[in-house]
Amino acid sequence: MMSEKSKPRIGVYVCHCGTNIAATVDVEAVAEYAQNLPGVVQARHYTYMCSDPGQTLIKEDCRALGLNRVVVASCSPRMHEPTFRAAAQEGGVNSYRTEMANIREQCSWVHHDKEAATRKAKVLVASAVAKVTHLEPLEEREAGVHPGTLVIGGGVAGLSAALDVAEAGFPAYIVEKSDRLGGHVAELGHTFPDLEPTADWLAPLIRRVEEHPAITVMLDAQVEEVAGFVGNFEVTVLQGGQAQQIDVGTIVIATGYQLFDPSRKPEFGYGRYPGVLTTWELEQRLATGDLVVAGRAPQDVAFIKCVGSRDIQLGNPYCSRVCCMVAAKQAQMVRQALPETRVTVFYIDVRAFGKRGEEFYDEAREAGVRYRRGNVSEVYRRGERLVLRVEDTFLRRTVEHETDMVVLAVGMEPRDDTGVISALLKLPRSADGFFLEAHPKLGPVDTTTNGVFLAGCCQAPKDIPDTVAQAKAAASSALIPLIRGTVPVISETAIVDAELCAGCGMCVDVCPYGAPALDPLWGVSRINAVLCKGCGACAVTCPSKAICLQQFTPEQIMAQVDVLTV
Amino acid sequence: MQDIQQFANEIGLDLDLLACIQCGKCSGGCPVSITTALNIRFLVYESLLDALPELVHMEELWDCTCCFTCVERCPKDVRPAELIITLRNQLVESGKIPGTIGEALMGIFRQGNPLGLAREDRALWAEGLDVKPAREGCDTLLFTCCYSAYDVQSQPATKALVRILHAAGVDLGYLGTEETCCGNEVKRVGEKAMFDEMLVEEGKALLESVGARCIVTTSPHCYNTFKNEYGLEGIEVLHYTQVLARLLEEGQLKLSVPVEKTVTYHDPCFLGKQNKVFDEPRAVLRAIPGLNFVEMDRIRERSLCCEGGGGRMWFEGTNTEDRLAFQRVQEAVDTGAEVLAVACPFCLAMLADAAKVKGLEEQLKVMDISELVVQALGDGG
Amino acid sequence: MSDESFEPKIVAFLCNWCTYTGADLAGTSRIQYPPNVRIIRLMCSGSVDPTYVLKALLDGADGVLIGGCHPGDCHYQSGNYKARRRIIALKEIVKQAGLDEERVWLRWVSASEGQRFADVVTQMVGALKEKGPNPLRQEWAV
Amino acid sequence: MMRTVIPVENNDVLGAARGFLKQLLEKEIVEAVLAPMETPSGSVTPALVADPALLDAANPFAPVMGLNAARVVGPVSAREPRGRIAAVLRPCEMRALVELVKLQQAALEDLVTIVVDCPGTYRVTDYDAMRANGGVNQDDLLAAMQSGEAAPREGYVFRDGCQMCEKPHAEGADITFELFGANLSAGIPLSLPDELAEKLGLAPADGPGGRAEVVEKVAAARRQARDTRFSEIRQRLANEGIAGVFASCIRCHNCMTTCPICYCKTCLFKSPIFDHDPAQYLNWAQRKGAYRLPADTTIFHLTRLNHMVLSCIGCGVCSDACPADLPVARVFRAVGQDLQALFEYEPGRSVDDPLPLITFREDEWTGVGEER
């Protein structure tokens, strides 16, 4: 039975999300339905609840109507729960007495039938109202932070991130699997879009990192285990057979990518014809100046783009984003080295986005590089020469292009060990295998694991400027908890009703974090809230429900079940 | 576009026009794209724009050999060749098809084979070979391609195969005159209804009624449709080169007589590209003592089509001057091989014919793999 | 059951980190699935109390779906392994008690498996349509 | 462990047993003995006895079981400070004690467990009726232990739980009274730790052989009786469902109260979680057309199955306690048999076996949840 003080006075706010929800769910009908639910004082609908006016609406209602609980029916709580909790708090309602009904991701976006979707949205709102009725106010909690950031990977992304962390005055630890810093980029002779020698800017970057007093570089090292949580990660690093523990507050993942292996595209004869190379191999040849094929300088060089990218059958549906510019760079360099040589780039589309991208493409053509539109289908031999069989789609004719050197512009793939890191840090991966960011627009460097951030090509293919930009963004995000010195920890911990506890100790057995312990004097369970991660394993195990997980108590869940089975 | 896409879906094809980015991978790899007017990429484009010309005027639609190189390579999984099959279905519905193809279909309808030869004569090739009727029960059911059964050029290979399988102790059965065309080509020339209702429905019941553990086919075409399109339950479908490779590996088949020849091998599209059976035929050839095996340049996934598939056995094509088989026999000769080995009755017919036309008969003999194996059998054969 | 109009009601208990997020991903990917599932968000499949499942069944839910992270992927290390035992035990009890344990589904769906989530719901709706309504929905004496 | 025989004089088996218990106190092996005691009115109840003289009222062989004594061992043993105590138990009580130890509701540290082979017991009501009408056939039962053919007095039956008990023999205790197969007038065979035997001045002696065979004979008959009951109750569950079988439940919670395993201080079903608002009942009645009261009986039994059936050691006191005469024990034992087999768990066997639902293996049931 509710005391008068906690008697529910609930406000329900149904979001249109523009047309995202409103096109499929009759939001007006949902609000009208919610108005009649028990405990509901006010139900409204609005275009964007997360907007300033939307939040103001909630805050003002809370004060004016004396609300003590808020339900927002909109997107996933994974998206905007913090927003609406804050709004409620500002309106004088304890932020933990808010509940969200997910009527976008789990309703309007997955159903076409407006009537059925509206019906479902109503039920979801009723479920949220039932739950919020039983929610109790909770206090915000905080924990201390280990000052320092672990950076996994010593390529350009890792170097940039570590440097920013260190410059802000915090220790940074770079764990690099290989025996040197610089990653893939260190093997590039020149970079687009200006043909600058890589060493001109990479070597100083590496030197700054190596000489920085706040940066610890660990080469030939691997992360073995990660325990803890944001602010309090305990990382075990294995280096030369020795395990060592590093305590950090945040982690930046900068593990990079691997190149596509073109032997998976047998039609190009890679590995069969010495004249077929990858852009990676040509990069090394250009560095040494050795462009000889079959004993002589090539009279004709042909580039094939999108090798291993934009290919559903290979499971690589994405564009690797750099190959167009790499081909433009190398084509120009071949022209510079061998002015008599005909250089042709076969392409599907030329993607010259980014600063100076289009200009660089212009420069390539000005340098005499020919661009022909057509996705080369096959490479075979004719005498000493190689033949590309390709339809020039502008000519609308299939041609046999004779050449001496074929350069495959190979794309990027997620590293084979992505799964290992993913398992260590419980990071989800997107369907293409790269790490999944928390939100494609609002959280492009964040992950679903608090305190863990992504930088560079481990998240998706990108060029060096984008990689460095993301690395610096990841470093900034990683610095937030370090600078604050505290991190919010969940308030939704387990609690024990000592009156009910019989002291069986099963909660102690099932907790992976050692949060519950039996009080030696009273023989009842006590929860160490600092250790509790809020999984609820103890609560399920406790037969008398002497332990409950706050925000997920049996009353709350059973009230939801009751509404949902109607 | 919608009409064509919908029609394709209705007849059970996985064509996906909207996925196309017009990259030209299909047309660039299409074996007839240089020698004929067929441009599969442009056909997809025209379909997307609802701008296809009158189909009856597009004789090149019948040039497609259904080698499926375009399907295998398309980065967006459009399955371009299925557009051609879709359009052929529309032509079939309106009755506007080349006369020779019509005759072949009539032959299958009346006699169970595209040659229009009498059904009673289907098993004549087997006289004296003592092949057990499948009805008596058998472990392995031999399924002969219509050409393997009727075509005098193919029959020696068929007979050789039986001798080899008998020598290896395989419990072999044969349906004889009950056997009817598998319909692989029927489906690909656009006679979907005949394929489904007459051939698959009756053929599936017939094949399953034998109770054999596996079916061995002489042709990659029969193999393809049985394996991928018939939905046979509880029967393993194998091409004969797979069976031979297995028998050799397990030691049941022993080859002792040297065959001192330099041999190269031509991958059939329906065995290689479409079903990824590349290694077994080569393993069989390499197991023949004394045989010097050499490869051409364009092999496996890059093998050149012989131009015999997709109904082309019954339709000359729009370019009779410049046939792919002509190129192919020349490529074989260039390797120094005396024998061009094949594993498909269509390839045998197309390539043997090309060798004859090109005057290469003296230099290059086109033979089925089983004809070479049988020579290596010794007394057992 | 031939009742064409029967639309099963499924109560789903989904773990916050994997399956609930997978369901969100189905949404952001606009993958369509039948509207019969109503989701309750829990922190972990290891905190799905069998009593909730029993309550849902006895109240008349046509199906109960428990969704968690694939083995090895639990955000809380081992919650899904404990859930696996608990739900296997529960289903056995439900079966022995003369109720229909096939109405209870345990499925691992990761945060990146939006399509799998949609597939699971679609399959479950299909299976429940075959079964027909939960007889306990009309049963007052439970 | 040492085997010995306590001498029995003048056929006074009970007297010999009482003497043994008194020795435990007199030799200061324990500070008190928890044993079934005959009250002045003649009923039998467990008591914690500190004065050896009062052990003249102890009756370790009284064929009656009102409660499972493991329930009362808990409070006197679970926590320190505690005394050193000997507890006289039946086999099913010992098994329950093992489970309670795992649940930290009892402790073995300062406990000497004494378990007595059990021929079967009567319900309290039958026992009292017998006493009033010609007496209890306790001596006959003891005499029949040798053959394993102990039968209830004519016109009476053993408790349903005893009739389907396939583990009537003492095991897993510190001291076991090995009555099966023994001619008790010649002495009571028992096993006990060497150090205890030394303190009690008992010398090794081989008792009669053949106990295992007699136990197996009794167990086989019980298994048969059990299986008949299981198949009958499984049939009913399949036909009527658990709601049908327990249709006349009045939700008195007696089964839970008497159950030795149900250790909660306050049952979930007595907590506010199942204390619904009046409006809620009306809501349910409107939803289903009618609503059975008292409410939540089916979910009560299902949840109790879920909480404790893996630990159900089959004493059967739940059925005895049911005022509606519901086959509680048969249901729990039948369901328990399947569940225990599923998890390869034998409740009461050893305190070292982990409770199945608080442990797991990564490599078990790997296909579950992955169905495509």
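For this structure, a couple of remarks:
The chains carry the letters A, B, C and D, assigned in the order they are written, with residues numbered from 1 in each.
Assume a contact is a pair of C-beta atoms (placed from the backbone, for glycine too) under 8 Å apart; a residue touches a chain by one contact, two chains touch by 3 or more.
Predicted model, so just to flag it, every value in this text is computed and none were measured.
Across the assembly, the mean Cα position most removed from that of subunit D is the one of B. In terms of C-beta pairs in contact, the better-connected of the chain pairs A-D and A-C is A-C.
Distance from the subunit B centre to the subunit D centre is 76 Å, each centre being the mean of its Cα atoms.
Look at where the CA atoms of subunit B average out and do the same for subunit C: the two points lie 49 Å apart. Per-chain CA centroids place subunit A at a distance of 57 Å from subunit D. Subunit C has its Cα centroid 28 Å from the Cα centroid of subunit A. In subunit C, the residues that touch at least two other chains are 50-51, 55, 60, 72, 78, 82, 86. With touch defined as above, subunit B holds no residue shared between interfaces to two or more other chains. In subunit D, 268, 357-359 are the positions where the chain touches two or more neighbouring chains simultaneously. With chains as nodes and touching pairs as edges, the resulting graph is of another kind, matching none of line, ring, star or complete.
Across the complex, subunit A meets subunit B through its residues 266-267, 269, 306, 310-314, 348-349, 373-378, 380-381, 389-393, 396, 398-400.
In the complex of the two chains, the subunit B residues touching subunit A come out as 19, 21-30, 33-34, 39, 41-42, 69, 73-77, 297-298, 300-302. Considering their complex, residues 9, 11, 16-18, 20-21, 23-28, 30-35, 38-44, 46-52, 55-56, 59-61, 72-73, 75-79, 82, 86, 110-112, 118 of subunit C touch subunit A. Note for the complex: subunit C touches subunit D at residues 50-51, 54-55, 58, 60, 68, 70-72, 78, 80-82, 84-86, 88-90, 92-94, 96-99, 106-108, 119, 137-142. Against subunit C, in their complex, subunit A makes its touches with residues 76-78, 102, 104-107, 109-113, 116-117, 119-120, 123-124, 127, 423, 426, 428-431, 436, 448, 492, 510, 512, 533-537, 539-540, 549, 552, 554, 557-558, 560-562, 564-565.
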